[in-house]
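Read from first to last, the chains carry the letters A, B and C; within each, the first residue is number 1.
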Amino acid sequence: MTEFSFFARDADFSVAEIAALTGAEPCEGADLSRRVSGIAPVDQAGATDLSFVSENKFLASLRSTGAGVVLTTERFARHAPEGVAVLRVRKPYDAFVAVARRIYSGALRPASMFGTVGVSPGAMVHPTAELAEGVTVDPFAVIGPSARIGAGSLIGAHAVIGPGVRIGSDCAIGAKCTVTHSQLGDRVILHPGCDIGQDGFGYLLSAEGHTKVPQVGSVVIHDDVEIGSGTRIDRGGIRDTVIGAGTKIDNLCQIGHNCIVGRHCIIVAQSGLSGSVTLEDFVVLGPRTGIIPHITIGKGAITAARSTIYENVPAGQFWGGFPAKPKKKWLREVVALEQLAARARKHSDEPNST
Amino acid sequence: MTEFSFFARDADFSVAEIAALTGAEPCEGADLSRRVSGIAPVDQAGATDLSFVSENKFLASLRSTGAGVVLTTERFARHAPEGVAVLRVRKPYDAFVAVARRIYSGALRPASMFGTVGVSPGAMVHPTAELAEGVTVDPFAVIGPSARIGAGSLIGAHAVIGPGVRIGSDCAIGAKCTVTHSQLGDRVILHPGCDIGQDGFGYLLSAEGHTKVPQVGSVVIHDDVEIGSGTRIDRGGIRDTVIGAGTKIDNLCQIGHNCIVGRHCIIVAQSGLSGSVTLEDFVVLGPRTGIIPHITIGKGAITAARSTIYENVPAGQFWGGFPAKPKKKWLREVVALEQLAARARKHSDEPNST
Amino acid sequence: MTEFSFFARDADFSVAEIAALTGAEPCEGADLSRRVSGIAPVDQAGATDLSFVSENKFLASLRSTGAGVVLTTERFARHAPEGVAVLRVRKPYDAFVAVARRIYSGALRPASMFGTVGVSPGAMVHPTAELAEGVTVDPFAVIGPSARIGAGSLIGAHAVIGPGVRIGSDCAIGAKCTVTHSQLGDRVILHPGCDIGQDGFGYLLSAEGHTKVPQVGSVVIHDDVEIGSGTRIDRGGIRDTVIGAGTKIDNLCQIGHNCIVGRHCIIVAQSGLSGSVTLEDFVVLGPRTGIIPHITIGKGAITAARSTIYENVPAGQFWGGFPAKPKKKWLREVVALEQLAARARKHSDEPNST
């Protein structure tokens, strides 16, 4: 359906260049001078597209592909139609991504929605805010008193940067993000509609009503963090809420006050960390994982989709279930319950059963 | 508490007209010339209101209702107080809705928040954007380069329409929606705070850190789709993310990259589709349903509240649970576990049990 | 990392004043004239900070704390280093909060993001809107026709107040909130990115497609309600959606149309109420609680994290699980299943088992 091209293609590559870039080996007969300028799935690719195949389920599509160049494994290489330039490589998807990142280098970071250069005349930047060189500010962004924005960063349309907020260099703050009481490192990406730094959920409960606890910590987000659309990170109560370098957080997640998230974690969509949760480095939370307060997830631990974590998870383990436990144990319980119900049913189906 | 009327009443109807419109049959003594200009629940309705009763639990309210006109079934008709005009019909709620849609025709699509006519002087429309006739643009909306907006569409306050986005005719884009890398059909409604078209969550994971995979697909939303407040739809990685015609999505849902949602699906609040999920036509997902990647839900299948789908669901089936399975099987397991725990408790309560 | 101070300190207090304010008793040797001007956790506190200790796990930190003043219990008091002014009190955290609320009185309610006084020249206020004395309107806020804003309220940057909306006095409407078809009481706080008053999710389903039911109720929010970032409250279908006085709702919650939430409820993050749910007063919903339509949760009832409520919960009970049941019963089932799986495993490990 598309006529307008949403993505600029910043470079094109010959088969020889792709081989050099990825370590892939051209198959016999591959035209080393053939060039590709785009990427596409193997069933949709055309003559100027690069594609890849690494799974059996795409074998049929490979056999009839119109792709100009295909990255694939030894095993699948001979199934490509004649005329397709085939490159053999152990990890075709990794090689494909390496080339895609070059062709679409502009897609690695969100850009201005308005083609803005510099500060849009429609934005409001407080006179006491400091913008480094090469900052782009889209229409209707608001940058508050004493905020500082690092070189090369983009502040999206309608983003609100609160008083005193520090944003590093080469960041992209998405449209309609609110960032308050926070310090961001370099190359941080926030997709549209994130709210970072608002009050944590803290009250003294009583039978007469609930008393708000002032939330006077902040949010610290280290370098190379990427945060999905609609995710919320509350500032700390009296400590800071911290997101470690290189961590990637998907859409619509909730990070409660005082959480410490380590480096290079992956938090998939709609997950929620209650207050004072600690994730050590390289933790992977499957989608819709929930964690109760004051829990620690050990280094490199993984959770299955919709895990509910009620106790600390040791480093390196894979947990799942509700309440979550080691994955094998959880799956044994799933099977045991299934068998129990099947036996109960068989009993009740027997004419003479009691 | 209301003094200001939030909803214009666009028409009023006589009992005779309601009968004609809905096929309902006026009961003996109903004043065919009585007119209603509003709707209300049977316990709150006044003399100029239309109401309905289709369930036993509203019988007491029916007996004392002050409604001018009531649509109900044969069974309940005789319980209305004298003086109420009663119309008998097999499906009172359907008939009620048919009339309500006429009285409140203005409530079927969100309207300008500012009484704007044409393009608000506070909006920023890029000179290369194309607006068809009768487009309304509310204050502070941003419409980017080469975007095209179809006739009669409303772009809400603070909405951001990215470069090259196509929006069909008679759409309503809610306040503070961001729409990028997307094509929308006609009569699409987005409620406030949706983000459509941002990057999907794609990385190559490694022990040294994670590498972003450029997301160069788009989002295609077909005619008559309605999307609830705060819902996120990520654009595809190399394919498109597609929402089929007539599908209705509730608030705070997550639709991952490359998902294909069929026609006339219903996706209830806080549900989440991981990447590359397929819903065939007329699927109904109960609230908080979660689906892991690469799953297909067959035509007309239904899921119970908080189902977690770990495997393909065949067409027409009703599934529930975690992990989800056919509903009857799930409920048998719920019962079997309950009985198991009750037996275990009985044992432990016996004085001589081991 | 912070250089800029995000939080003004509005007062400082001597040990004698803290004792008077909280009823705490200074320990022998405490310097009654020592003053604190900030708060900090016991392991991070400095000489001008107030801290507290109420749990064993902070005992080691207490022994080496640099805090100027510590509130703690009889039991821990003797463990503070010499030179720290120690105040004994039965509930140290409550006392600590009482002082913190005085020191950081400005943190009890969100403030302007731009240092705005009065109505920002960048805001758009409809000529028919009425603003009482002392209203602050941040840049790019939109206030629609016939809206009324009470004295001392803050309308945040990019907030959208729809036609006819009533907002009471001393409210704080966060950045990028949309409030339509609603009436808010006094001292209501909405954190950034809430949407209040949009259409509920109502359709007549059919095999030919789904028909939108006009949603002509409103939202009524009573005094002293606080609502977290990204939460959605849909307006009623024909009744109103109501949030009772003093209720606190966390981030990313969903409140469906026609819900009636009582007074002083606590709804923790990512919870979801389907349509027509009733919470009586003082209900506490743990994080990620989900409730199906037409359920009533009795006064003072509590739900565990990720409860899924499929039936009415009696007043005062603590429920958990999926489907939820009384907590003890749920936990017995968790244990029974664990034991069943362990037995099954033992059997299958035996060499001669069938």
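To be clear about the criterion, a residue touches a chain if its C-beta (ideal position, glycine included) is under 8 Å from a C-beta of that chain, and two chains touch if they have at least 3 such contacts.
No experiment lies behind these values; they were computed from the predicted model shown.
Chemist: Give me the C-alpha superposition rotation for chain B onto chain C, in degrees, nearest 5.
Modeler: Between chain B and chain C, the superposition angle is 120 degrees.
Chemist: Looking at where chain A touches chain C, is over half of the residue numbers used by both copies, so same, or under half, so different?
Modeler: Because under half of the interface numbers appear in both copies, chain C and chain A meet with different residues.
Chemist: Using mean CA coordinates as chain centres, what's the chain A-chain C distance in Å?
Modeler: Centres of chain A and chain C (C-alpha means) sit 27 Å apart.
Chemist: Taking each residue of chain B in turn, which ones touch at least two of the other chains?
Modeler: 140, 158, 176, 193, 230, 252, 270, 322, 337, 340
Chemist: Using the touch definition up top, name the residues of chain C that touch chain B in the complex.
Modeler: 124, 126, 140, 142, 144-146, 158, 160-164, 166, 176, 178, 180-181, 183, 193, 195, 198-199, 201, 203-205, 207, 209-216, 218, 220, 230, 232, 234, 238-239, 252, 254, 256, 270, 272, 274, 290, 292, 308, 310, 322-323, 329, 332-333, 335-337, 339-340
Chemist: Show me the residue ranges of chain A that touch chain B in the complex, using the header's touch definition.
Modeler: So the residues of chain A touching chain B come out as 1-2, 4-7, 39-41, 44, 93-94, 97, 100-101, 103-105, 107-108, 110, 113-115, 120, 122, 138-140, 156-158, 174-176, 191-193, 224, 226, 228-230, 246, 248, 250-252, 264, 266, 268-270, 282, 284, 287-288, 305-306, 322, 334, 337-338, 340-341, 344-345.
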